[in-house]
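Here the structure is laid out as structure tokens; the discussion comes afterwards.
For clarity, chains are labelled A, B, C, D and E in written order, and residue numbers in each chain start from 1.
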Amino acid sequence: ACGDGTVAGPGGTAGGTLKWGWSTVTSWDPVTSSAGWDVHLLSLVYAGLTKLDEKGNAVPALATGWKYDAAGTTLTFTLRPGLKFSDGTALDATAVKKSLERGRDFPKSLIAAQLANVKSVTAPDATTVVIGLAQADYQIPNLFAGKTGMIVSPAAFEADATALATKPVGAGPFTLTAYVQNAKATLTRNPDYWDAANIKLGGFEAYPLPEPATVVAALQSGQYDVAQIPGSQVEAAKAAGLPVQVIPSLVVAVLDVNIAKKPFDDPKVTEALRYAVDRAALLKTAQFGHGDVAYQPFPKGYAGYSNSLEGIYQHNPDKAKQLLAQSSYGTSPVEVVITTAKAEGVPEQLQSQLNAAGFKATIEVIPQAQATQLVYVQHSKALFVDQFAGRDSAVQAFQVLFGKEGLMNPGRQTPPELADALAKVSRTPLDDPSYPSVLQAATAVAVKSMPNVFLYSVPRILARRANVSAIPEFTAVQRFEGVTVS
Amino acid sequence: MSTLLAVDGLDVTFDRHRVLADLSLHVQAGEILGIIGETGSGKTTLARAVVGLSPVRAGRITFEGTDLTALRGKARRAWRRAGQVQYVFQDPLRALDPQHTVARIVAEGLVVAGTLDRAAIDARVRAALAQVGLDQSLAARLPGQISGGQRQRVLLARAVALQPRLLLCDEPVSALDASNRNHVLRLLADLRDRSGVTVVVISHDLSSLAGIADRVAVLYGGRLVEQGPIGRVLSEPRHPYTALLTASAPSVRREHPIPARALRPAPDHRPVAAFGPDACSYASRCPFATQACVTAPSTAGSEWSVACHHADAWRSRLAVGAMSTRRTA
Amino acid sequence: MTTLLSRPAPVAVAKPDPAPPKRRSRRWIGTLATPVVVFVFSSLLTFGLGALSPSNPAAAVLGETATPADIARMNHEFGLDRPLPVQYVDWLFSALRGDLGRSYFTTIPVADSIFAALPVDLALAGLAILLAVLIGGAAGIGAALRQGGRLDRTVTAVASALGTLPPFVLGIGLIIIFSVLLKALPAGGYVPLENGLGQWLRFAILPALALSLDIAASIARQLRTSLVGQLGENYVTGAVVRGLGTRRVLFGHALRNAIGPALTVLGIGVPMILGGAVVTEKIFNLPGLAQLALQASGQHDVPLIQGTLLVTVTVVLICNTLVNIAVLRLTPQGKR
Amino acid sequence: MSTLTAVRLPSARLALSVLAVVTFLAVAGGTVAPHDPLLQDPDLALRGPSLIHPFGTDYLGRDVFSRLLAGTGTTVVAALESVGVGLALGVLPGLASLWLGRTVEWVLLRAVDAVMTLPFIVFAIAVTGILGNGLSQAMVAIGVLFAPLFFRVTRAAGLSLTRAHYVEAAELFGASRWRILRTHVWGKVVPTVAVTAAQATGGALLAVSSLTFLGIGVQPPAPTWGGVLASELGFLSQQPWAPVIPAALIMVAVAALNALADAIRPGGAA
Amino acid sequence: MSAVLRVDNLHVSVGGGSGTSSAGAAAAREAVRDVSFTIGRGESVGLVGESGSGKTLTCRAVLGVLPPGVAVTGGGIHLGGGSSGADVELTGLDRRGWDAVRGNRLAAVFQDPASYLNPSLTVGRQLAEQLRLKRRLPRNQTRAAAVELLAAMGLRRATAVYDQYPHELSGGMLQRALIAIAVAGEPELLVADEATTALDAAVQAEVLDLLRQLREERGLALLLVSHDLAVVAEVCDRVAVFYAGEIVEQGPTADVIANPRHPYTEALLRVASLGDWRRRDLEVIPGRPPEPGAMPVGCRFAARCAHATDTCATPVALSTVDDRQVRCHRAATLELVGA
């Protein structure tokens, strides 16, 4: 069922349609989209001023380049000329200005916080956009590579903002032609995309994440060309003759710990938790060993990855027991509730590991949607089994994980030394040779001072049919430049 | 003889369909009254009206001075528990709880009445079974495990056990073969003779009914068309319908004073007038009907009454040819 | 009255007409009016369920940035600050006009989401019903005709076994057999009917089969029982004695009267098919209503849950009414 | 056929023995299990059957045999819970619809029709989606949906009785309504209801397993039959045989209930 | 006179295993034994006997519609040749053969007419179907022919009846409609099993008249079953008296009634309808007939017979004198009273 219709548009050849079994979006409007996963699909229809390369560095996209002033508070982007949105309207500096301002000012915007530092956006001419920042921040080009920087057609949101949820208008590599919520998104190649020459696919069909039990069969029968599979299916996929790629990603499994709540208000307990967890065992169960044990938010090879943290909280139940004994709870088992959206697997295993280390753990299941409410908003849960999807910008990632207002910092406390380290990162230009070491220092501070327990990295495991060329391995947002289906 | 049960001006209507119309009938104490009539003429409805199971719209039913139609709720229950009037259902299989043993079924009325202790009830049950000629060994069986004739007798025994004054039997013998039919009817005659129970029997079988009954009432279309001493009514019927019934009765001896054919409307029969709901109920099928029959005839006579405008005249109008036509053997 | 007039007027009717014209029309009115009443009952149930919900949608939607003022504004926007009866009436009448509100989370109109998904369910349910009728009918008739024989025992055994199988096991079993082992059919996914019947059938047949086997089993059992019952009826003996031939007796007479209970099973089967679709849709990755409900349920998206329930209920009601009409047309009391 | 004689049928006897074992496990389950059903050993995950682990181990290295034994209780209780709710909401209204006059009858019939239009799983999902995810919520929802079944069955059994001549005969003896209910109605309604309850329990078992498959109503690590089945399905490629065991367990239990229902069905086990 | 139907030494057994009773179900029991009779063209033969004497099973064997578990285990049933078709041996006929015979050459009516019609089809449709199938009438003629046939059966308002459903008609009307359907294919033989038993006296007489008329006008042969000798006496030329699965006496009806030769016939006469309206003691036949499977070796009626002697315990054969057949050891010596 693939290869139906080859479209040859200006700016390059185009092949067949790629059927992708991964996920669908909560909304096609990047400003109101509420899930971290959405970025992958959104980046098919939207483009930003910048994009991230395979290593996570910002490179030109809609903008051909950018320049910071000396203070780091004014950033000037130069746009490619003659850009167009998929609705035919011009993508010029004014459009960029309006789009970014909407992201910052729209009442229902969920990216407003990221843009809070953007003081002004001006468009002195059609191809120049000037960003005025309240404080120096060299992370903006990275930030703009993600959801925050996606440029939406002002004509569309000025006409009917709610319609964007199902009818996106952007300038990405593809255009959405049909959409069934939670079921299927059909996209066709956008010949006006700035980098259309590198888009070899004629069309794209996106489906929700398949059932693990049937995903391999679904690939074999041609229901999907590419699908994300769980670690448990890797062997089966390989056995079925499907090429499998394990792509390192920014995603990391983490425990959100609320130090404002019992029993973690006692630092000894929080400390004990770090040693009670057997990350290797969890990794084995959850991922069948695909991925790495993690003690920090960044994967190996990423600029912020600090070598010094390797093995820092080796599994040591005896030490955990000792620490608990020293805590205010003494030798009696410390009761803890593991909150999760799905109890099967890691939470179950975690429960058993904690119990072996002197805790008395029980599992509480809450629906995923309520988790946002209970964990991130009301901060009413002490321990939540979570995944951090990573952010395009390292500082942004820090903010989410450790910032006072950070989503995954339910305790709402940030030690001053961490705040200082972060401020330093922001102030350091990315091309500054000291940038990696500054960032790694901040990572080390965070991991040692914050209660978050990182567990293991979650690579993106893609299995594909043999007729699909290898998928480029992007750590942050999956991109499809150069992919072909024959 | 005194009147035990008096039905006066009874009207029963189901869903705007008038099943019994202005029906009056008296039952004397100690007699056996037969009720005959075509299917759907309202025989069952009449019997059920007496025990309070038909929706009576007008009229009175009195049993020894008690107005049964006026009884409601507690009073009616108390009256029923006394067991003075018993109704024996038409279809024995449907009237017996398939899960109860014969003994339990027969005892039910006594248990509900609550006046006797267990031993006394057992004794009465045994007596009732003996009275209807059922072997005591059947007491432990279920209705599904006995024959049709035996079921009919269980139904009778259940009624008899309460020592009623009046027994209403709805077609107790229609489902039985000739021998069994006679058996059951004889039983009713015995009951009357020995315990003085008054019996009303509904039956299609005129000949055997004539063997035991004292009087007969003939129903047609929800009205009483004739009633009187059974022997005389059946041998010299005064109503054309009664005459048709008697002429139609099969017989091993092939002799009928009037052939049935002469009493039936001809196949091309056209009624002489439009007979509405207030007309004589038989008029539209009566070969002797005239314009006079558009009104319901009054019932004439007391011991032997007939409701026909032409009770005395129709015989003379019998076609002479019809009289002589004998069936070819 | 009409039937009375059509006869020669003076002839008194010996037996009452068992179904006077009034009653017959009343039966039709009942058949057509009951669904309306039931719809109101069901909508109350559906709405009540939403009203019972303890979670505050505004807080859930606004997430991390929620302030009491924001929540109040959002509540107002959703109309949640009005009295419940007003909300119900408004919801119901909007629903009748095709407006089921907007999803709390995506702000996508619920009706859009549902009507994008509904054709999948309808097409699938239609195929499933067809399969159920064909398979169940053939098996039931076969078993009844060979009562006590090998076919009868096989049908009975298979039907009982199907009834004891969790539906998802059935679905995965079908995938393993037809997709993995035989590689004959796709393991999941969906192609709309517009893309051609053949294409659609390739994708729809397995899920439809998974949905229908259970109902087919019930139909087979029911049809077998009632057909055996009918075949024992006197009128069948009568028709045989008239020399009508087996096929005529079966299809012209017995089946006609035996089909009622089986149709009723089918009527009950429609909600089962639509309900069973959840599991099937999940396994076969179908973009149907049930997936939507599951998703909505996970998010406590009350308007979406209510919408899917209401639409499902309406579909069920329509199907049931059609079945009732069929039953009514097959029984003599309902004719003329 | 009376309930007692039905038990002499071989199929009924087999069914009863199966159910006796299930009942025993439901009560004793955890204590007769050879291993702690919660004891994990990730190094031994997903092993095939062995002498120590007759049904192999699951993805956390837990003993599947012990988990199935220990899961019996939860599963059975959940199924019975929904059947209980269905019985409570179905039987009494069913009888009431026959005795309490036309208005009550009409309202009850329409209400039942309304509930009958609700698709099983979708409704359960909606209920848990709105009232919160828990086995009790889900089973109450299923129970509500069982109510029409019991209502109809009770009513049907009772309806023929209100027209039965032997009930009329009892009325003619002056028997009270209560007495009639007790002596003539109850004995016929109870077997029918019992049959329905047996079948409904089977249906509930399937519903529980469907819900757990969808991730609704279960609380791992607590084992349930459906839960074990659902999780084994996730590792089909590692252990294609593994789901067969819990599936067979569910099938046998449901089949036993159906066989028992057939055997005690009034009118014989043809 | 050529025979329409010849039944030779017919044996019918019940309980061949289909679980009617739990104990001894395996042993087949003879419910009809050694039954022979012949029906000539246009002749009417009556079968009488108490309930359970095997009359219905005999009829059903002739029609080939024995209930499950009941089978012909001996003898033959022969449908005579003649104008309308070849000789047919009915026992062992295949399905197609039966379909060709039934409705065309033999037809039947039964006791409960309402149950023998499809409740969900109009009377007319069922009659029309028969006419189309068995008389090969084209579709557009069936209605007129059907209405005519209904009218010929003495149904008034035949056009209205055509469009009515079975439950809308009275028993008498239904029985006439059924007879119309039965004779639609112009059969040679009509089997009427208790066809008038459930009707009231007036209607019964009308239906019996109709049967008589059909016989006279169409030369229809009749096999009439009743437990009332009086009914048989009204219609039949010859009568066969059944007792416990055997024919105990057979002969011209008038002869048998006037001069019974078997004590059982005499007993039946005493309980039969007499056609007089005197008050009297109703006679009964004491005791009950033996059950299939528990038949005595000798005369089956002996246990209830007032004339029984020791010889009656030995098997007794059917003896033929003139056109009478009697199965009694003492037939020659007994003085029995007729009606």
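As a working rule, a contact is a pair of C-beta atoms (placed from the backbone, for glycine too) under 8 Å apart; a residue touches a chain by one contact, two chains touch by 3 or more.
Computed from a prediction, not measured in an experiment: that's the story for all the values here.
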Chains contacting each of chain B and chain C, listed by label: D, E
Distance-maximising chain from chain E - centres being C-alpha averages: A
Farthest-lying chain, centroid of Cα atoms versus that of chain B: A
A-C against C-E, pair bridged by the larger set of C-beta contacts: A-C
Central chain (by mean CA position): C
Centroid spacing, where centroids are CA-atom means, of chain A and chain B in whole angstrom: 92
Chain B and chain E, separation of their C-alpha mean positions in angstrom: 30
Intercentroid distance (Cα basis), chain D paired with chain A, Å: 45
Length of the line joining the C-alpha centres of chain C and chain D, rounded to whole Å: 23
Of all residues in chain E, the ones touching two or more other chains: 156, 170
Residues of chain C touching at least two other chains: 11, 14-15, 172, 176, 282, 297-301
Per-residue overlap in chain D, given as positions that touch at least 2 other chains: 129, 233, 236
Contact set on chain C toward chain A in their complex: 55, 59-60, 62-66, 102, 105-108, 112-113, 116-117, 120, 172, 175-176, 179-180, 183, 185-191, 199, 282-288, 291-292, 295, 297-301
In the complex, chain E residues that touch chain C: 63, 65, 95, 98-104, 107-108, 110, 112, 115-122, 129-130, 133-134, 156-157, 160, 165, 167-170, 178, 181-182, 185
Chain C contact footprint on chain D (complex, rising order): 110-111, 113-123, 125-132, 202, 206, 209-210, 213-214, 216, 226, 229-230, 233, 236, 240, 243, 247, 250-252, 254-255, 258
Of chain D, residues touching chain A in the complex: 38-40, 42, 45, 59-60, 129, 133, 215, 218-221, 231, 233-238
Chain D partner contacts - residues on chain C that touch it in the complex: 34, 37-38, 41-42, 44-45, 49-50, 52-54, 160-161, 163-169, 172, 176, 268, 271-272, 274-279, 282, 289-290, 293-294, 296-302, 305, 308-309, 312-313, 316-317, 320
